[in-house]
Amino acid sequence: METIALLLILFAFAVMGLFVPIRYGNRFAFISSLIVFAYSLYLFLTFPISAEYQYVADYSWVQSLGIHFKVGIDGISILLVMLTTFLTPLIIFSVRKSEPRPRAFYSLILFMEMALIGVFVSMDGFLFYIFWEIALIPIYFICLLWGGKDRVKITLKFFIYTIAGSLFMLVALIYLYLHTPAQHSFDISALYAAGKSLDPHAQSILFWFFFLAFGIKMPVFPLHTWQPDTYTDAPTQGTMMLSGIMLKMGIYGLIRWMIPMLPQGLAQNAECMLWLAVAGIIYAGIIAFTQKDMKRLFAYSSIAHVGLIAAGIFAFNGQGLQGGIIQMLSHGINVVGLFFIIDIIQSRTGTRNIPSLGGIRLKAPYLATVFAIIMLGAIALPLTDGFPGEFLLISGVFKFNNIAGAVAGFTIIIGAVYMLRTYQNSMLGETSVETDNFTDLTMTEKTVLIPIVIMVILIGVWPNLFLKVSEPAIMKLLSGI
Amino acid sequence: MNTLLILSALGVIALFAEIFRFRKGLFPLILLGLAAAFIFTANQYNHPHVFFGMMNFDNYAVIFSCSILVIAFLWFMMAKNYFLQETSVTDHFSLILFSLVGAVVMVSFSNLTMLFLGIEILSVSVYVLAASDKSNVMSNESGFKYFLMGSFATGFLLFGITLIYGVTGSFDLATIHTQLTTTNEKGLVLAGILLLLVGLSFKSSLAPFHFWAPDVYEGAPTTVTTYMATVVKTAAFAAFFRLFSTCFTAAGNWSDILWWMVVLTLFIGNVSAVRQKSLKRLLAYSSVAHAGYIAIAIVSMSATSASAIFYYTLTYSISSITAFTILFIVSRYKGSKDISAFEGMSKANPLLAFAMTVAMLSLAGIPPTAGFFAKYYVFLTAINHGNTLLVLLAVIAALIGIYYYFRVIIAMYFKPEQQLVPIQVGPLHRTVLIITTVLTLLLGLFPNLVLGWI
Amino acid sequence: MNQYAALIPFFPLAGFVIIGLMNTKLPKNVAAILACGMLLISFCLSLGVFMNISGQSNEVQLAPWISVGSFSASFTFLLDPLSSIFLMIITGVGFLIHVYSVGYMHDDEKHNIFFAYLNLFVFFMLILVLASSYLLMFVGWEGVGLCSYLLIGFWFKNKSYNDAAKKAFVMNRIGDLGFLLGIILLFITFGSSDYHIIFPKAQGFMSGDGMITAITLLLFVGAIGKSAQIPLYTWLPDAMAGPTPVSALIHAATMVTAGIYMVARSGILYALAPVSMFVVALIGVVTAVFAASIALTQNDIKKVLAYSTVSQLGYMFLGLGVGAFSASVFHVMTHAFFKALLFLGAGSVIHGLAGEQDIRNMGGLRKKLPITFLTFLVATFAIAGIPPFSGFFSKDEILAHAFTSNKLFWVLGVIGSMMTAFYMFRLLFLTFYGTYRGNEHKVHAHESPKVMTIPLIILAILSTIGGFVGVPESLGGSSQISHFLDPVFKPAQDKMMLLEGSSSVSEVALMGITVAVVLASILLAWYLYISRKRVPAAEGARLPALQNLSYHKYYIDEIYTALITKPLDKLSEFFKNIVDNKLIDGIVNLSGKATEAVSDLMRFVQTGNVDFYLLAMVIGIACILFFKLM
Amino acid sequence: MTDLKAIPLDWYILLSSILFCIGIMGVLFRRNAIIIFMSIELMLNAVNLLLVAFSAYHNDAAGQVFVFFTMAVAAAEIAVGLAILIVVYRNTKSTDIDVLNRLKG
């Protein structure tokens, strides 16, 4: 019931948001998302550490087709739900007063939050798919309506690209559904059983179908080319939603749906997948070296980070999976912080072009400090949030394949190179024409960034707070295969 | 049977209304009559009624009749204003009502004679309607092309019926079914089935017999196009499936041919739509493409095919009515049927834009709209039948589809507004749009509402 | 005592947090006193630990950190003789440098931030040495790298300083990857990264075990990065961009010795991997000579000292590689004293000359900076290895072990110490002797304030007497330090089954040779720079080939740029412009383009002519009938 | 009726097929709408012939009834067709089908 309440509250807020007086649009959405955050925090704090689903609600939806509205939260979902509810208020609050957004913008964000949470709590394959697709619509409109100058082409490409993947997933889901015992069912456990009962060859094919959906969403090399353009062109809030939360859908899909359903498929393709992911880490990292546009640079860095997460998950051992989970959280938090910082810089200087920046630390020490901390998180310095994840992931990959692990490890070097380059060229040095009148963080900006900084350090120092929550569920997943 | 009687009576009343100067009251009367017909039809649910072996009002027939009546009801609300401006409104209304009779016959026949008659009643009325904008060359051309090709196709249909009759000695579906299992005339039977397939494929615009569709849809008055895309299509597929599922499941191997036709249809329909400037023509091609999706369910003849076709045709019709209604409104207002006429609509008419978006999403098959579930259901049926490859091809076609449906959305939401003056939407149109949009979302979220019946 | 010991790192952390958050709101004096005070408390606690340690080791559990399944790592501190010595060095020398900084940084506008960073550095350094597991050591390891980054680029307006900082971080990261992979391999092999699990288990392995060799080599990659050995040493000379106290604390006395600490800590593992030991020794000795040869011709006072640090670190690795763990630790300690002193002395000179760092513009400062001169002299004696200064004992112990292990190493070691003596005295003579060559009118050289000179004096005393804790038996001493460290290194020494070294007589003879060689090179320096009054050539002057090579640091930086940095940037652009945009995205876009092209084609087919449509229909029917009926 | 049966059924099939094909050819190769209509009539009548033949062979009247339906429908169709053609002619002054190609693409 609690799960449904979460979804319903959000849906109600999203609809109400369309009708509040225009000038309260932002405030209404912010407060709504805070309420949702508070509620999910309550769920998190009272969440029993167990491998079982909690707060399960199960209603028959399309009876004749065995489709249920079945939702529940387990140790993995709760963390992603928390990530979503934690980041959304920040994202809403990050809208600057000088660029007001209409009510529809906030409603779309709340609507998207609902869909994202829906993805994370679905226990029915069909429901999962519905939420998966629904999440795409608001972000499409957010990017289309408030994006940069090439938005039409780019967002359409993004939309069709991601839908392409998901349609193949739909085919795979139907196929699995038809292999459940008579009176077919989309229930997650029934699908698990159906998937496992298939012969390895079939599993392998389905594995690729699912991979298309999840791989495009994350995105994994070489399915990534929509991503840098979309991130660059989307409005800041859209980029934050996309990179902070939405790409986690893909990773979550791997962990929750694809791998447990198709263990033989994984067994046959793990090596290939792993190398693909690892290649992506290096490839995207190296591309990030010479990017001039900050947003594009972080977009590529995001590909690299996600590549590592994917590699860890395909290694499919305790470290890899747990590392993937914790890294999802920290990547979400870091990337939202980083994109917000870009937004701040862009709103002050009118440019994101790194060479024309510089010396911001002289003018805005707070911003520089916050940027530094989040950047350290992104390059996985110990005691920041990136480290537990990257360490676990690299060790997970290493365990699976020594060489791949070592190559994946290069991310800590490559990441340091482009991050420090960016930091140096934007924050350090002498001021440029653009940055000469740079002002430091406003209260609003601090309100967004300080929680992020706190989380960066909290996850780094006390990762067990989150690892312990997901551990039983992960162990169950591992033992199920 | 009551349905047919009511509809025929309405048609006759409409025909004479002009004489009795009853134009004003005609419209409400028709709506009332349709509602009554709906109630009578729905009442027959689970009470199969066979009319002298000619027609069989089983649940299949009832459901499709109801669906057709609902669509027709919405259509009348949408089309009223257009025809009221014409001098011969009553003629048009009576033609529509007669063609509805044909449609009901098409979904409930149990004898090839009735199938033929149903198709002809429907078609002949629509030939006239397509050409009804007399002074417009486009409309003339549309009606002429439709007529010419339609009667040409009728020849093949008849030839097919004749061959089947020649082998089985009967026009009765059940008899044909039993006769076909024992006959030795495999060649003639197959030829007959294939010619029937051709005839019905023409009516449901499957490639390579789809060529008439884009031209006719574009040239005909928008309201008539709507009628063709919704009622005619529904009836055609209902008849197609009824015939092939009752008679030819065991006879002759026709599904591989249909398989290829479906693939061809999907790609021709979707790909051709990509570069259209005119929304009307785009929707025409989209209609061809959707015929392909529906036909997947016929290729994959199985237990869920009937409900898949029913759900698909119903939701497709509803979304189409939304789209065509808005196209109708916009083209009246701006004098253009091009996609560019929609530019900036989100600013001037946000609700209209929203309704159009929902319709486009539904046609593109994106959750949570009904169009998604329709596609899903068809795909499910196909995969269950082992047609996975066909589904994969359909998926690719659907992706192409998204591309052009989204061109409309983009035009509405992105392009700089040409005119910020909001378009005035009449109360009837508004009602239609509200009903169709709500239904599109409702049926998408709760497909159970209609799926349980069939 | 132990529970208090756990607090040692947290005082500097508190200092960092308070100063860092308050920043400019805090008066400079308060910040300085706070920072120094925090360190003083830590020092006192460390002293307590040091006094009470008496050979045993204790673990202090603080909190769990990361745990996944059987794998877990926690915040746990290990107190044993080895860590206590490092505690003493870090907090002791650290405190002195803090005090010195009060004077040195007094006028800097970012005075408070500087102290915050310094405190943070001390915190991480203490975590590094106190860690009871490799993973926690890695926390400190990376943390000090961060602080090093922050402090090298402390004056961040200057691009080249920033570049130096970035270079330091990235090069360290290269090493860290090795370290990290080593830790992961340890996890896989031993199921833990805790010393108390790994070391006992390791004793069960055969000497020369492949896994152990791999682990130790990977760990050593980490040490190479952190302790600036070939091939990752080039960051350290550049790191001199930071304020001089930073160079003294981080890039001489403490952080760069972390690699030595780590290898020493893993002694038992290295003892099981002779190959790794050889690699360690080889890289150490080659670096020692190589870096010393560069130092011979450098003109920047800090650069000379930087290369000297690299060289001295090489000696320490040589010691580790030949199994002289306690000698290396001993050298770490003495090196901390005299190298910190040298840097602080250099800082005092720079301070006195208002920022001048080029020795060509110095000379004759003996009179103007008497205290600085005297302490610098002591340190120079110490580093050159002249008895009885501290460096003599530690370095000769290493050389003695090297002699027993591999004669070639010893020869190279002696050559290195010859060079050391030469460049140090060259530096001393050029700076303090002769006449002032700088612009007298512009700069009025003056002695530094007391707050700077007192640490110099203390360090000078330590540099003088520090060696006495390790006087070898052969010279009648008792080698206290190696006895003190014995509990830590015993298992490793046992595994190695060292050939009991040459007799004490030969050890004395070796010392004699070294001292003689050193004295000879001092004389050479005297001859060149005092008698002949030679001054290094000005910038751009043509130099003899060898000298030129040394002066340009063998062009290693240029080679790295040409071989790694530039190609990577090119590769980046290639990936972006060709692979990403043209190839991958090209395929994606092509599918769209192709669809549109086909669409146009199909529109062409839809001619609008009824007879064509009818024909198409008939052809379609014909095909169907043909394929099905024929 | 016996006379009818005296001719083998195959011949009827052949004949009406040929007639049907002639009709098709007429539709395909003539440009004048009126002639095309006539060709279509030919096709329908070919079918009618066959129907009657089958009807006779099966001794089943349904086939002949069907023929009446067909003829009625054909008449209606042609009526409608001619009506449309008249409208077209009014606008284009031509009964040539090639004139009608405004709708395309």
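Think of it as A, B, C and D in the order they're written, each chain with its own count starting at 1.
Basically, a contact is a pair of C-beta atoms (placed from the backbone, for glycine too) under 8 Å apart; a residue touches a chain by one contact, two chains touch by 3 or more.
The model shown is predicted, which means the values in this text are computed figures rather than measured ones.
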Ranking C-D and B-D by C-beta pairs in contact puts on top B-D
Going by average Cα coordinates, which chain is farthest removed from chain B?
C
CA centroids of chain C and chain D: separation to the nearest Å works out as 98
When centres are defined as mean Cα positions, the distance from chain B to chain D in whole Å is 27
For chain A versus chain D, what separation do you get between their C-alpha means, in angstrom?
66
Distance-wise, how many Å sit between the C-alpha centres of chain A and chain B, to the nearest whole number?
43
Residues of chain D touching at least two other chains
24, 27, 97, 100-105
Listed in rising order, chain C residues that touch 2 or more other chains are 592, 603, 606, 608, 610, 614
How do the chains pair up in terms of touching? List each pair.
A-B, A-C, B-C, B-D, C-D
Per the touch rule above, chain A residues touching chain C in the complex are 157, 161, 222, 224-226, 228, 283, 286-291, 318-319, 322-323, 359, 361-362, 365, 376, 381-383, 387-388, 391-392, 394-395, 398-399, 405-406, 409-410, 412-413, 416-417, 420-421, 424, 427-430, 461-464, 467-468, 471, 475
Could you list, by residue number, the parts of chain B that touch chain D in their complex?
113, 116-117, 120, 124, 127-128, 131, 134-135, 137-138, 140-145, 147-148, 151-152, 154-155, 158-159, 161-163, 165-166, 169-171, 188, 214-216, 218-219, 276, 281
Where on chain D does chain B make contact in their complex?
9, 13, 20, 23-24, 27, 33, 36, 40, 43-44, 46-47, 50-51, 53-55, 57-58, 60, 62-63, 65-66, 69-70, 73, 76-77, 80-81, 83-85, 87-88, 90-92, 97, 100-105
How about chain B: which of its residues touch chain A in the complex?
361, 366-368, 372, 376-377, 379-380, 383-384, 388, 391-392, 395, 398-399, 402-403, 406, 409-410, 413-414, 446-448, 451-452
The answer for chain C against chain A in the complex is residues 23, 64-71, 135, 138-139, 142-143, 146, 149, 153, 156-159, 162-163, 165-166, 169-170, 173-174, 176-177, 180-181, 184-185, 187-188, 568-569, 571-573, 575-576, 579-580, 584-585, 588, 592
